Amino acid sequence: MSRRDGERTGAGVPLPLMVPAALAVAFLVLPLAGLLVRAPWSGLGAQLTAPGVGSALRLSLVSATAATAVSLVLGVPLAWVLARSRIRGRAVLRALVTVPLVLPPVVGGVALFLVLGRQGVVGSWLDETFGVTIPFTTTAVVIAQTFVAMPFLVVSVEGALRAADARFEDVAATLGADRWTTFRRVTLPMVAPGVAAGAVLCWARALGEFGATITFAGNFPGTTQTMPVAVYLALQREPEAAVALSLVLLAVSLATLLLLRDRWLGRAAA
Amino acid sequence: MRRQAPLALLGCALLLVGCGGSDGRSSTLTVFTAASLTDVFAQLGEELEEQRPGLDVRFTVAGSSTLAAQLVQGAPADVFASADERQMAVVTDEGLADDPTVFAANVLTIAVPEGNPAGVTGLADLAREELAVALCAPEVPCGAAAERLLVTAGVEARPDTFEADARAALTKVELGEVDAALVYVTDAAGRPDAVDAVEIPQADAAVNEYSVAVLTDAPDPDAARAFVELLLSADGRRLLADAGFRQP
Amino acid sequence: MSLAAQVRVQRGMLHVELDVEVADGEVLAVLGPNGAGKSTLIRVLAGLLAPDAGRVEVDGVPWDDVARSVHLAPHRRPLGMVFQDALLFPHLSVADNVAFGLRTRGTARAAARAAAERWLARVELDGLGGRRPAELSGGQAQRAALARALVGDPALLLLDEPLSALDARTRLTVRAVLRRHLAAFAGSTVLVTHDPVDAMALADRVVVVEEGRVVQAGTPVEVSRRPRTDYVARLVGLSLLPGTGKGRSVRLDGGGEVAVADEVAGPVFAAVRPETVALYLARPEGSPRNVWPLRLAGAVPHGTTVRCELEGAVPLVADVTATAFAELGLAPGAEVWAAVKASEVAVYAR
């Protein structure tokens, strides 16, 4: 009797898995619940219509989407090279491109300055040749977010490529497809769910990016002030405002991810 | 036996952490200090440790607002030194400290990359469009001060970025990514090899006052008072002046 | 013309050293156990693996010539290949799978689509072109894979264990389809298999491969009659008798008749395994419906058994124990009675 009850309540999940899983959920969800409880609900309207909130949110969404697009265009081919090519030093290359995962983002921002800043190796050339400076522009925001978020996409897509059956690529070759055609018409469609998952991870990471952005792109309302930067600065003066802004970011990202899951990941998985 | 080894290790670790503080003869003084005071306070801490064998002075360094928020959330500390009177007020309003003493003042200066490549001579240059200019964000004390100063001087600055704190603004000067930044005199004085400072005649329009207080629930109120006394002594004043601080 | 290949590849411990030649319209079966180097050979022919030495030439065009640093990339080789698992692209419809090779080689979409539909009809998949591969049975998928390989009219057709992933029933029907298309195919075909029935039923010639080398080559009949090693004897003793099925009987093209257990109709093979053939000096009494007077043409001992080659209306291969062989006092030219239970005769459509 008790045994049957236990099975029903646990829904078939063994206890040694159930308890840590429940703890994990609590650990991840409670802080969010805390935000909701502490949110200044009465003053929320005023907080959210404050000048700068709308433009910060818009900039965040636009720059995170642009960073994801750049990551897709550059990162998927890189993942292919890591998963499929036989070039020398692949292991070293893989370690190198995942460095931004472990690098403190602020350090990443400084590193970007050293390359793309006015005094940077590439940046000074851009400045002298084209009169283009990157720091403190929306482009810099996208670059900072791409730097930090692209490894998530690369790792995810590389995993999908490794899990995919490479024999299909042999089949395509015997059917007259060169490697580029094979990649486009066979490999990419087959790993589409992995690419989609990677893109979502990448977008989420870009949306929450703070350290590299505020370092490399700075903070200027409308051009470089993304939501995380706005939240951090609000925290300096008015914690309530910071909570309110965080809620907006949270709501928008949750809505986007749920929508994508149904529209895109759902179909790819089916 | 083997299975118990990690558990035993964990037990030892807990014991060490638990027992470290209960040793009666040594004690720890915790000072929450605004980032700009780091160097001066480190020297004062060493001096106090010499005077009082067994005393260990530790610093928690952050922006004044962050520190104030941590204290309100119950962080244990003996002394709070704020770069901003508003943040000191947050702590005293909560009844966590009373009777703060203003011990130093700081004014703004224009930090420029070494050699001043853009030829900045005064506040008016901050309005030049071709210059890359960093200010502190209005949310943080050095930004609020910059705003006051610019309004007083009647200069409409054209900043490219509002930095989260004075150090971040200074870093961008050091990297040569901005031509000028409004930072505290003490920040610029701390990096004489990397940045030059352009003095501002109107600087007195925005004076930032630093205050210090012993916290009501200080675990070691005796050592806390000794630290504040040392700060206010002639020795302390000399160290502050060397770092570029003004007398209040 | 056709295929001529000398392939030398070192794969781990295995040294593959195989020479094969296949004429136009001919089907060569490469028969051997797993790990013998068959797959290595077919991957080299496809261009998926570069040989360490040797050359591959098709219709006079060198596809590989190590000495001259020639290696034609797989996608530049006019070939079709069928793999063990059909490996239809899961994200494309069946028709798009079949049209794939035409599209990559530059055929316009509509023309490729039409050719794909024609080929689907030829492999009896009419109307299934719009389905996803996951919606096909194993046999249907393998037939679609065959259509995909043949649609571009390749010079060389490579079949890599095309039937071994199928269950026994499906294998029969797919084998029949395969046989029909191989007969009509003008190019050279290389069939790699570990199943002697496939080799016997589908190939014009067989090479038996062991540990990277050819141990025997010849027509299926030659190889099964005169196996040169114990391995070949065990592997290819099967007698395949072509004939026409009617009721529970197969009338052989060579004149005899074989009783079988199930109803059969149309052109078939009756297959008899050598260990199921019993030999007698006098006509046996009792149940067996298949009893034929034959003549012993030759006998080769293999281990504890003797492989007997029998001539007559129903040419067979029989394995008898050495003891029985001695007791019967058989010698080449001797007249014997051979008996096989109808239930022991397998029938394959052809």
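Going in written order, the chains are labelled A, B and C, and every chain counts its residues from 1.
Definition applied: contacts are C-beta pairs under 8 Å (C-beta built on N, C-alpha and C of every residue); 3 or more make two chains touch, one makes a residue touch a chain.
The shown structure was predicted, so the numbers you read here are calculated from the model rather than taken from an experiment.
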Count of contact steps on the shortest path from subunit A to subunit C: 1
Per-chain Cα centre nearest the global Cα centre, belonging to chain: A
Relative to subunit A, chain with the most remote C-alpha centre: C
Whole-Å gap separating subunit A and subunit C, where each centre is the average of the chain's CA atoms: 54
Centroid spacing, where centroids are CA-atom means, of subunit A and subunit B in whole angstrom: 34
Chain centre separation in whole Å, for subunit C relative to subunit B (CA means): 85
Partner subunit C, residues of subunit A touching it in the complex: 165, 167-168, 170-178, 181, 185-186, 189-190, 192
Residues on subunit B engaged by subunit A in the complex (per definition of touch): 63, 65-66, 69, 132, 134, 137, 139-140, 159-164, 168, 171-172, 175-177
Sites on subunit C touched by subunit A in the complex: 46-48, 73-77, 79-81, 83, 85, 87, 89-92, 100-101, 104-105, 148-149, 152, 158
Sites on subunit A touched by subunit B in the complex: 110, 113-114, 117-119, 133, 135-136, 214-215, 217-221, 224-225, 229, 232-239
